[in-house]
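I have a structure I would like to understand better, so I am pasting it below and will then ask my questions one at a time.
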Amino acid sequence: MQKVMIERAAELLSSGKVNRVLGWRAGLFAHDNTPSVFTDAADLQANFVYNEFCGANLSKYLVKESDKEGTVAVFLKPCDTYSFNQLIAEHKIKRDNVYAIGVQCNGMKDVNDREKLEERCASCKSRKHVAYDELIGESGEILDSNRFDMVEKLENMTSEERFEFWRGELSRCVRCNACRNVCPACTCEKCIFDNPDSGSANKAPADPFEENLFHIIRAFHVAGRCTDCGECSRVCPENIPLHLLNRKFIKDINELYGEYQAGETVNERGPLVNYTQGDAEPSVVYERGNS
Amino acid sequence: MQMNDNTFRPKIVAFCCNWCSYAGADLAGTNRLNYPADVKIIRVPCSCRVNPTFVLRAFGRGADGVIICGCHPGDCHYTSGNYYARRRMTLLFSMLDYLGIERERTRVEWVSAAEGAKFAQTMNSFVETVTKLGKNKRLEDLRCKK
Amino acid sequence: MQRIGVFVCHCGSNIAATVDVKAVAEAAKHESGVVFSADYQYMCSESGQDLIKDMIKEHKLTGIVVCSCSPRMHENTFCKAAAAGGLNPYMVEIANIREQCSWIHKDMPSATAKAIVLVRSAIAKVTLNAPLTAGTSPVTKRALVIGGGIAGIQTALDIADAGFEVDIVEKEPTIGGKMAQIDKTFPTLDCAACILTPKMVEAAQNDKIRIFSYSEVSAVKGFVGNFTVTIKRKARYVKEDLCTGCGLCTEKCPQKKVPNEFNLGLDNRRAIYIPFAQAIPKIATIDPDYCTMLKSGKCGVCSKVCSAGAIDYQAKDEFIDVNYGAIVAATGFNPIKVDKYDEFAYAQSPDVVTSLEYERLMNAAGPTGGTLLRPSDRTHPHTIVFVQCVGSRESEDSTKCGKSYCSKICCMYTAKHAMLTREKYPDTDVYVFYIDVRTPGKSFDEFYRRAVEQYGVHYIKGMVGKVTPEGGKLKVQASDLIAGKQLHIDADMVVLAAAIEPDKTARPLATLLTASMDTNDFFTEAHPKLRPVESPTAGVFLSGACQGPKDIPETVAQAGAAASKVIGLLAKDHLVCNPCVANANEMLCSGCSQCEKVCPYGAITYSYKEFRMPDRTTKLRLVASVNAAVCQGCGACTVTCPSGAMDLKGFSNKQIMAEVDAICK
Amino acid sequence: MSENNICREDILRISGVDTRKCMRCGKCSATCPAYDEMEYHPHQFVNMVENGDIEALVESPSLFKCLSCFACIDRCPRQVEPAKLVEAVRSACIRRQGHNHLSADAIPAILDPDIPQQALVSAFRKYSE
Amino acid sequence: MIYSYFPGCTLKNKAIDLDIYARRSAELLGITLEELPEWQCCGGVYPLAKDKIATKLSSVRALAASRDAGHDLVTLCSACHNVLKQVNNDMRTDEYIRSRANNYMAPDAEYNGEINVIHYLELLRDTVGFENIKKKVVKPFTGRKIGAYYGCLLLRPGKVMQMDDPENPKILEDFIRAIGGEPVIYAQRNECCGGYATVEDKAYAASRAGKVVDNAAACGADMLITACPLCLYNLNKSNAENKLPVVYFTELLAEALGLKEENDV
């Protein structure tokens, strides 16, 4: 794979079809490959890498890269293509400036336990590329994923158990903002948490309580737009399972408003900017599950 | 702050849309229908103006319960605002419940301008529920390890 | 720094009996920014208002809080008083300490405590208020009516009557619409042409009314008071200003085999045609699908016979832009196609017709000259079966193309058809199969009873299940639910009361107008009870069956109502806009377009704007902007915006949060 | 097992029909080819099941006159599907011990040399359990 | 083009003509029909009761076998077609029936409606194309006025069968045109022939079939074609003086294509 990708990237560069290539650069260790822009074949040969430690979703980097002059080629794993579509829908990526190459992905390894797959890959939702200009390797199918199992398990707990679970997880948060910075749905010009006029700014919160709200507000902000790419949990230095917040919204949306996968197409109307007259009442929250 | 349960009075924030529910609250007043003074109403043009951050803000500043009132579905002055509010609040409440915050601290009710009695009843029952729950501590404690 | 004044009203004893107003005024004094606080017997009285005016001047107040009854009661009064005192009227907040405090609480300490919180909350909000100026926008004093049926004609006539210019755009070569095809009208049985054609002539002769026939709306820009509409004038290949309507060309044209849509294909017309004798404008039109000259360049007969030299084979579609202040949709209805219901054998036998076809067969100007003859052999039918509710009142999961609503007009026109048939041809047996007979309306039920009692029409509760054409007859198999029998009738004709649906052009038009539609493609009204002739989109009005099934009297009534709304709008020189509208902060907007999707009014648009970057380069970015004249201030967009770029004036994020904070303190 | 234990709910469950959707237009009975053979007609099946009047239906020979031609199913404007009710009552009836409408012993007497196998199979499916 | 083929019980003896001519014609038209090994009777009628699972299993087995063979399933007899298509639709859309049926079956044979059930006529229309048949006709039925008899099972329920407009079908008429004949449209073409009622009550069935034949004759048909052995039987029975011959459509197809031999019947 890697060899074919390098050859193809070099070919695209030399033919002038693209000006830059967005890919993964080998890091110091085997597992710390990072997103990077390549402009010449030698650099590609020496440093381009594609292996089971290329978890980074490159679509977010296109927000900046596609804004520059010329065309940028990008390698997108199946789950990345959903973010890619979603960002196009939100006018964040200039599609004309991007040459998207779908690459086959068999799951990425967990950097903390390099023998096993990352959680998001073990419960992969789709091996299908929903957008690309060309493919390297095979595009698979949308999978029957068990990704909501943990959410369901939490839902089946008592309210107290859930509270203890989240208290255990969220207490570790150091507010490094990595989850926000990596999130493809967090591409605002200026984040409300950084904007003193928003009323939600709390970079240096006066009140520890406000920080609790950070993850709730953030999850709500991306609700209906989150493609469940799982980058938030991947980058969390405290290994907080943040994707469980997003998946809760996705699961609720699927159950209450019909199956919806953000980024599956470019033109769909998201569930939070849509409604039907017969939608469930908010009291549905009290009626289901236990407490 | 230590509170004796006997003296505990909850802080309740009620967001009411200008066209139906705020008028319904006025009608409750005109008809002298009693409900606890713990409820304080904030007037908004439409239930769809209520940002989830307002709800969280209220909890953050010490509210024990937050209720949002709007026109009945289909009767929105702006045709569709309450439909959006309904989806947003459903998801927000579900998330709070998921985090282990008592789900009874949040509520949405549709109250028309003619439903003064319903407004008063709703507030009575909501205050009663929240009073039983006591002080809203969980959200505050979410980040503190035991 | 704001200088806030607080005025606490006693409302006689209404407030003062339960709330310690002095304590409230005193507590307010200690709030940050408050420079004046007092209580007063009746704030809404003349002297109360004077107090406000005087104190604004005396204390150089920048904002005031009035603690009184509901803002729904006296907000306006106090805003005016503030304005009279030289303060921006939007620098006023009301703390509702009567309806929401003194009237519902019995215990003075707790009521007073609550009143103090409410005052605090109002002070917190007013501190963040900004002076707002209600903008104005000019009004173009011309209206557009889309659709030239009875609804459109009546609306245009009423608007013109009030002295305003009005244009009618009609897609067909003539105005008149469905009513022109109708023979007689219920419940009075007067001739439709006799009451419609004078109105058509009146519209044509009114110098305030322009008729664009054979034209369509192809683009709409702008907003209430300021629409720019692109009208496509389809090439009719006849110069409108030269054609005299003599009709010679329509007699000489050798292409005789064109189905005549005015008679629903029951007879033929020529390739150049005038739809009917009283057409307005009375101008010939060439049908490009059938004209051999246009298709193969060979013929030219019409050009040769036209002494006026009006024929122009080179004509092209023309597009004109016109400015309007208001737009009325009057696009009307059509019967549905009944080919999915061939258990009634419509496709198998020409003697199975729809009600509108029957209307033409009864009409003196119709294909049979008004003598009722069945289409197959042009003989007089002796047994006629009417079937009601064909395609109406079907369940949502119906496999046919049915409608879930009642088409409303069928019961009455079927009674009319049955009655007229029995009157003209007493030797005819007429059966009407019905599910329910629905005749609400003035003199309607009496009309139906007359059909039964006086004219001997057989009304049978039940449905027709199968029609089998055989041996020159239509074998009708039906149920008579009251007799508990299956009936077999050998009929000569079967008439189907097909459901009606909005015209197919309505859906694309609604998109152009950003007007909303229901699932059946009827236009939605701004309020189903209180604003039935307005669309939720400001400046767009609804007339006739495009809003829902309607008969002629209802249509005319609604047409007049729509006209009066238009007149009310055009009578203004300027529109005052609600200043409490959404506003996008372009620096924060990241162009995601989520807000545009939730706006019920289409008030948000996106465009690329150039921004100067810190490094002195410029960058093009897609950003939202709100048209203040269109925005109604609901705030749906503000919550949708993830960046917090969208805010609502008068109810800003910061203001509401300040209220929350004050209440929870 | 008692014979009087077939209730409205059983029929609704077996048929999957919502009788409340019926608007009493009678088109099912109007279109039914078996009308003349029946004591109770399709629209009456709907109404009687709705009213819980099941026993009269169970006892009626009408059950075995329905041809399962689906005309009422396809032509019903409200998608009530009366034939499914007939089938449900018929099933409920023949499921009771000793209530088979057609037995194998009866076949030779009515057999016709040209009759397609299909007819026998179908009749057995419809008339026996 | 290869398809699995489900002939059904009657086509193996009483309706052997329907089968033979269909196979012969298919060969000429470039269609390979591979008969499913070990097929079982479809049951003749679709079990309308929601709680009937066992009686649907033989159909599910045929569908699963066809899926395992990797082909869509072609049927010919209207009854088999109706049952198989409706059961296939259940397996696709009805979770209750799907899970019950699969629980009965061997675990490795779980079937979820993967294949399509296609009637031979649909094959002629959609895969071969009536235009192409027209080109291959050597003995056209020029001047013959032929009435198409659909009966009920071929078209209804329209929501599931999705073959043609159930009230105004065209597929058999187009077929008749393709083989050079003139279709006669008559209203009773989609009304019931009396069906299985004939087993019990010959007169009842005959009265139904009589209406069909009379209507077709009155509309000028000089023969009727059908796809169903039971229809053929009922129409012939009520048609004692044999005023209208009733034949399988495949017989006419074979004859038009020059595939009918003297010693055939």
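Per-chain numbering from 1; labels A, B, C, D and E assigned in written order.
Following the convention adopted for this analysis, contacts are C-beta pairs under 8 Å (C-beta built on N, C-alpha and C of every residue); 3 or more make two chains touch, one makes a residue touch a chain.
Source: prediction; values computed, not measured.
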Minimum number of chain-to-chain touching steps separating chain A from chain E: 2
Chain labels contacting chain B and also chain E: C
Label of the chain whose CA centroid is most distant from the centroid of chain A: D
Central chain (distance from its CA mean to the mean of all protein CA atoms): C
Chain B and chain D: spacing of chain centres that average the CA atoms, whole Å: 54
Intercentroid distance (Cα basis), chain B paired with chain A, Å: 34
Chain centre separation (chain B, chain C; CA means) in Å: 36
Where chain B touches two or more other chains, by residue: 52-53, 57, 80, 84, 88
Sequence positions of chain E contacting 2 or more other chains: 157-159, 167, 191
Per-residue multi-chain contacts in chain C, two or more chains: 343, 399, 466, 598, 640, 653, 657
Interchain contacts (touch definition) - all pairs: A-B, A-C, B-C, C-D, C-E, D-E
Chain A partner contacts - residues on chain B that touch it in the complex: 52-53, 56-57, 60, 73-74, 80, 83-84, 86-104, 106-108, 138-146
Of chain C, residues touching chain E in the complex: 339-343, 345, 347-348, 399, 466-471, 475
Chain A residues touching chain C - in the complex, by the definition given at the top: 67, 90-92, 185, 187-192, 195, 197-200, 221-222, 225, 269-270, 272-274
Complex interface listing, chain E residues touching chain C: 157-159, 165, 167-168, 185-188, 191, 214-215, 218-219
Chain B contact footprint on chain A (complex, rising order): 151, 154-155, 159-168, 170-171, 173, 199-200, 207-213, 216-217, 219-220, 223, 245, 248-249, 252-253, 256-257, 271-277, 279-286, 289, 291
